[in-house]
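Here it is, the structure in full.
Order as written gives the chain letters A, B, C and D; numbering starts at 1 within each chain.
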């Protein structure tokens, strides 16, 4: 079994603190997810997700505040509107949209954070490496 | 081109592309091939580099630059030994087939594989595919012509086309893709030292008389100098004044250090252009011409199609249309016969003196959009493909040709073969495209393409700056490491004056066509610390 | 066909007194058509008026209005062009108040050429021709029915044909941004052909067309490599309608979904976790 | 009156011969559009064609004639510049013969202009030293 590369974009105000909470409580979760802290999940545009795949990620997670809890009040509404469309587009292009996960984790939800990471890592591990399925780099 | 671009989509069943980076040099001809491919036509590409068209091809092989004649002989060897030639066509319309047959018998696929680097089975595959898919078109560009054996290479293409009866039929033929919008027209109009407009030879007294009668005076009966010869003559003091209209030899010509020296020796250099080009900077007088957007006229494309250029805006600043400048200069020198009110008037004179353009008038172009020469009269509909039923000289002649090595081969000191060419995003010396923001942002400066494994051997990890040196000069530029180029070959686009590929190129020329060998010279590559 | 042309001429003449110009299509040298601004001062120019093929008129209109914000202009528009004008208005690219729409209903042949679901105008007060029903889009259906592997193969081949002319972006009436992500080398590598990651260009563009594509198919028409890129836009348009009840170019007052916060009930339809 | 027109012309880059429309608004270029139903370009263009209007108004365009004085190119009038060229060419022709002058026509200029320059070279100067970059 291979070790998948996963990139997690975590919003600064909720999900990143949720990760802290999980860490402080010494909860166990797989180390595959490389965390990138962003001001808001709404910052993560579809092109950034696509670029992350291009750079070699096998899975991408976007974690933000629960709807209603956004530090910028509606930043995560953008996430909720754009990411589902991107997932559909991936499917239309022949890419398994399960490689992209969207979820909401608050600062208090350390346990949820650990579960989300664990489940997504398992899900991606069960798939072949992305480069093998989608030969995006083929012409290089 | 003997044939027409629309025929590629409608008729052609096989494209043999050699010495042409069609998808970048002539993008919309390349996409025509894609359209044909969708209905089942095959694309064969042979090139030292795997360009985009190579990625599209059904059959692709790299080969050693400059071994074209050997490759063609090998293909013909296979076709004749397998009996795939068009016997009826050969019998009716050609001569000297036996001589060709004898010569190519020596060029077995195994022998050619050794020379060219295309595997013997690959040569068989190409030969069979081409021979069995009539009509098949050969497409080439400067990759065939810019060699010391350029003329032999061109003759080889027509040998192959005639062998399979691919001449004089829609969708077939031998199709040189002209690199510049009006290089065809400049030749048609007599912008050559040996011919008047319509390829009427300067050495024929009757022709001279015809133009004397029309113009009051004409050139001598001796052939003039080519670009390369002019520069040499300038250095020797034989040519003292040079008038350059819309050309930039300081980037486009081979062995630039030598070109600079020659131009410095020229006593009086006049440059008529739209930008302060590298050549204009050396001029004694600079005359501002206008772009295509500010004047009327016609261009003739690679398939001999004459089309209108229409004025869209007024000239910028004090600039003037080039035709106006020439008329004013001629009148200043006391000449008559330059009283033209418009380009349409000039075309009327061209119609009268150039048989192949006889029926190409502005009124007809307005109505029909375009006309392909030969178009001798205003009733003539134009000629989409040449050599129908008969060649211009009667029978088509086969030329048995031995393979000759390029003038300069790689050796221990200069181990790489340099080949030059074009990019999608730039044009010729870059004076237009490098001033176009979008195009410039795509490729802002020069680079050299080098094979991954060659790069490894040099210790080039990733794209770095390198120095490329030939016997004539050296340049520094970024390296671009790629799989898509043959080992031992490097490629530099020639658009960039700051790292001009032509500082390196060899000015050795084809003895007949006087074309320099841009596609092969020996260089070495070193990492810049 | 000629009937429609005559009626369109009459409609334009009727509008002439109220406007500074009417944007339409004229047939020029060699029978080639192009956009042209007709004027009441020169009614004879209407002799050259043409209706097919269509041209990307909304984008031309935007250019003219930008230089002449106060001018009263009319535009001859088909269903797709009307949708284009509406969307541009919503994105503050056009001043709706200074516009007069002259609707031109498409024929069945024209609609089939464009695989158009809505070949008719809905807002234009002056209309030429009778509206017809939309036609099916077999190309989109064919791709939609493919398996994941087939889709991947299909698009890989299509995108390899891309010669990076930027024609689809440049001709699109809805691509009016001053800064374009497709020109950002962080996302689309510059200066290489074939593009090392051609899907980056095309998928980013598809995302940016979300709730914007008006189905005019100008992009596919201008593509030298015949890439059927509108397929992506059309499949996404269905999702946008399903998730956000948004129909591009249809209702003047409805704001585009990507600019706004989630509305009541929308979140449930996105399929995201709770 | 607001003037918008699309002028059909031929692309000045490669030899394919695509035609395109230059979009002209009130006398200035505002863009390029492809030509639908054209036998060669079929409503498409490459990236160079799409950007063909970009260099026309570039600030580097030569706007006035220039003459080299004391080693430097300085602005001049058409009268001065053409006068000097005529005088010099006449001088060389008279002193060293017509073949001491050579002319390069251009694959970028129109047929009419190429015709005129070679006519100028042959009829006015009297030389066949006429060539262009066909080989390059």
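Everything that follows uses one rule, which is that a residue touches a chain if its C-beta (ideal position, glycine included) is under 8 Å from a C-beta of that chain, and two chains touch if they have at least 3 such contacts.
All figures in this text were calculated on a predicted structure; none of them were measured in a lab.
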Chain pair with the higher count of C-beta pairs in contact (A-C, B-D): B-D
Chain nearest the overall C-alpha centroid of the shown protein atoms: B
Rounded Å distance between chain B and chain D, as computed from the means of their C-alpha atoms: 20
Intercentroid distance (Cα basis), chain B paired with chain A, Å: 53
Between chain A and chain C, centroid-to-centroid distance (C-alpha), Å: 34
Inter-chain centre distance, chain B versus chain C - centres from mean C-alpha coordinates, in Å: 40
Sites on chain C at which at least two other chains make contact: 29-32, 160, 163-166, 194, 224
In chain B, residues with contacts to at least two other chains: 27-28, 31, 55, 308, 369-370, 424-425, 438, 442
Multi-chain contact residues (two or more partners), chain A: 139-140
In the complex with chain C, residue positions of chain D that touch it: 1-6, 8, 19, 21, 23, 25-26, 30-31, 33-38, 42-47, 49-50
Complex contact set, residues of chain C against chain D: 20-21, 23, 28-37, 39, 41, 53, 55-56, 60, 63-64, 67-68, 71, 163-167, 170-171, 221-224
Residues on chain A engaged by chain C in the complex (per definition of touch): 46-47, 50-51, 54, 67, 74, 77-78, 80-89, 91-96, 102-104, 133-140
Touch list for chain D against partner chain B, complex: 7-19, 22, 24, 27-29, 38-42, 44-48, 51, 53-58, 60-68, 73, 78, 81-86, 88-90, 92, 96, 98-124, 126-136
Residues of chain B touching chain C in the complex: 23-24, 27-28, 30-31, 34-35, 38, 51-52, 55-56, 308, 365-370, 423-425, 438, 441-443
